[in-house]
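Shared between the two complexes below is chain A, which pairs with chain B and chain C, respectively.
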Partner chain A sequence: MYGSEGFSIYDIILWAQGLGVSVGVFILSMTLGLLLGVAIGLIRYYQIAFLGKTLMMISEFLKNSPIIVQLFLVYFGIPAVTGIDMTPIEAAVWTLSANTAAFIAVIIISSISSIEPRQLEAARSFALSEFVILRKIIFPQAFSVSIPLLVGLAINQLQVTSLISVIGVYDLTRVGDIVNQRTFEPFIVWPIIGATYFILAKLLAHLGTRLERRFSQHKIMSEL
Partner chain B sequence: MIEIKNLYKDFGELNVLKGINLSIHEGEVVSIIGGSGSGKSTMIRCINGLEKITSGTLTVDGFDVTKPSELLEARKKCATVFQQFDLYPHLNVVDNITLAPINVLGLSKAEAQIKAMELLDSMAMSDRATFYPSQLSGGQKQRAGICRALAMNPRYLLLDEITSSLDPEMTAEVLEILKLLVKRGITMICVTHEIDFAREISDRIVFLDEGTILKDMDKQSFFNDDGGLMEPRIAKFLTKMATI
Partner chain C sequence: MFDLSSMMQYLPAFLEGFIMTAKVSIISIGFSFILGMIIALMRISTHKILKYFALAYVDMFRNIPFIVLIFFSYYGLPEIGIYIDAFWTGVLTLSLAVGAYTAETLRAGIESIDKGIIEAAKSFGLSPFKIFIKIIMPIALTVSVRPLGSVFINLILTTSILSAITLNELTGVSKVIASTTFRPFEVYVFLVFFYGLLTFLLSGLFNLWHLRLNKYNEAG
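Let's look at the complex of A and B:
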């Protein structure tokens, strides 16, 4: 157990499992965070009074405190207070979702406020309903503005998933730690783990560029 | 009929409209003129419910714009063309025009597009149908704005200085189109600084001064020496406009 035992084929399986957990937690928490963040952003935009204020206070806490503290708070705190048991992965997903949502809400609000408001008045004057205005005018424009910001956030949150190992999730970083402790080959293990995150981040960036092209046709056209 | 009775509009301490009484009947072309800040835009914005009125009543074909349940019906009867065009920048010209007809009037996409193409054609704009607003000249944007308004089959067309962001050539282009619409018998409420144009197309001239209607006269009388010109403020305004 101690001393260099060399790599084995099982390390690849471990790596794949860690990758699966990291990607899974990332995708789940981004999806939940997006839904929640958009909801919070809209509640703020339509100025639903009490709810907006409360949610904003929670968001402020989530944005301005260390994610590790949040992980501990959820993983140890919620079971202690409510008696609901949580697996490390559940705690990680909930924490990261809430944290992501707080940042997404800000992106949503700022991209909505970048839309020229006179066109919304024009739309209202044509008797379009607020829902149609949201869906057909606000959303597409806000989305095209927010794509680069969302992609930046996603890449950041991907790196943040490496912290969930502190509450005992067997993610990619934890796998690196385990293999490193067994093999004592830090200059092989960590570059491989690092490269895995790097490739994932590049994939996200690539996806973002494609999305951006698709949703900002009107901007690209005008630059021709 | 658009019926405005004793309309007041304040912005906080500022009283912008002070007791406006105005009726506009179907088929009429009414020009609203007056100095900058006299409340012309505010009045138009009250008619289409973009501005909440402080007191008084405002109905469009009997629908009260102050009642949320009637506002939509009132808005369906009016269509506005805006000074700054205010097209939807992420939609091409056709989609700009068809958005409300599809979602408000319930036309199918195909029907709405056929209608839009007819309108664009009538304004020599069919070759710009798939352009985005940012790819159009000012005059083209405003023609698209007019098409967007007409596509709603409005009973009343509201125009707020729709040529004042255009250069003279494009202004002429847009005014020609308005003249055509007037010939076809559309009801039009037209805020304008183009006095000659107002004189040519209007049935009635309403002169707004610091939030009150100083004169509401048929065109002939308004421009007679013993009509609007009897009012020193109007005479002054017209002279000033003529020298620009």
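Let's look at the complex of A and C:
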């Protein structure tokens, strides 16, 4: 065991664990959020009665209230009324997924509406089924429009994961707090934690640029 | 059972929290706006050092989570002999962080201005300060007012993080109410709606302001 003060070699392990939890929660909640968000976006686009409007209503509140409050609501509130117990990580993943989904739904809807309606009319006049239209006409175009928006959202949601420390998830920020409380070295601990997030964000932005470039190839081609 | 009636006695405490949130938000909005103007000016200046400083500033504060920044100042400032309470720690850190976002939205507005207008102002012999206050800012705001609105709404939502450094604003107060009444669900659902309504009203206000500023633009 390490002493009450000063850094030890175990702090690096702690840092790595925190990093793993942060990145894991981020990837999981982005994936779930993407699936859920696309589903909500499509439900809204096809104007499924009642469900579409209700989901968009909920999305509005998810977008316009603090994540911290949403985390408290899911972690403390839902078990209190339903009796379902959740671990902090489960609560964190559910909350962040729902929150991400709310933003993604809006991105999906706006990307779909950027497609010229005449294309869809033409496709329908050829008697293509709605599913084929969705898969072959809407999806490819909406996807390439939405990529920069999704990358921006991902970078934002990466920072949001730092908030899960308030419900007791041992993520990067929580590790920073623990080590800081023990060593009383805020000028060493927090810059390291901050730099870790900074580098992660830069990596994500770099990946995003590559992804964007890859999916906008057809635009470059058509300009030739 | 969803029961809000037992919450009524906590309404005064809730209001106090709201006043605290409002105070922090208003002061931080003021500071971050001024800071944003300065950083935006540095960012578009031709002076290399100023320009790169502003660039680094914006890049840093936009890519580090706010909770990390707030812990840094909350635990760090006393170490270097600066003893300020949670309120001012929150206000200062929030202003610094949001200043980066304000700077970017203002910069976009300033860069959209036709260079000819500024040259015309110069030829009339107006001082650079006057040009900035009377000509550049009003025009930049017609473009930036709506994005600025969403930056400030985000600021208000971010004040909730100050509950982590023991500031009793809306979220901090609600945490106490939730644990004394054992009704966390009701309290937090109410809080979500409250923040939602607040941001809804504010974005309406910013939209009105946008219309007012753009009443002479046909595109409006």
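Just so we're on the same page, the second predicted complex is superposed on the first by the 217 of 224 C-alpha atoms of A that agree within 3 Å, B and C clash if a C-alpha of one lies under 4 Å from a C-alpha of the other, contacts with A are read in each partner's own complex, and residues count from 1 in each chain.
Basically, a contact is a pair of C-beta atoms (placed from the backbone, for glycine too) under 8 Å apart; a residue touches a chain by one contact, two chains touch by 3 or more.
Because the structure is a prediction, the values reported are computed rather than measured.
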{"item": "Joint occupancy of chain A by chain B and chain C, clash or fit", "value": "fit"}
{"item": "Contacts of A:Gly20 with chain B and chain C, given as first, second, both or neither", "value": "neither"}
{"item": "Partner chain in contact with A:Gln159 - chain B first, chain C second, else both or neither", "value": "second"}
{"item": "Residue contacts with chain A in the superposition, chain B compared against chain C", "value": "C"}
{"item": "First (chain B), second (chain C), both or neither touched by A:Trp190", "value": "second"}
{"item": "Touched partner set for A:Leu128, first chain B, second chain C, both or neither", "value": "first"}
{"item": "Chain B versus chain C - smallest C-alpha distance in the overlay, whole Å", "value": "26"}
{"item": "Sites on chain A touched by chain B in the complex", "value": "116, 118-119, 121-129, 132, 136-137, 140-141, 144, 217-219, 221-222"}
{"item": "Contact footprint of chain A on chain C as seen in their complex", "value": "2, 60, 63-69, 71-72, 75-76, 79, 153, 157-158, 160-161, 163-164, 171, 174-175, 178, 182-189, 191-193, 195-196, 199-200"}
{"item": "Residues of chain B touching chain A in the complex", "value": "48-50, 72, 75-76, 78-80, 82, 84, 86-92, 99-100, 103-104, 132-135, 148, 152"}
{"item": "Interface residues, chain A side, partner chain C - complex", "value": "60-61, 64-66, 68-70, 72-73, 76-78, 80-81, 155, 159-163, 165-166, 173, 176-177, 180, 184, 186-187, 190-191, 193-194, 197-198, 201-202"}
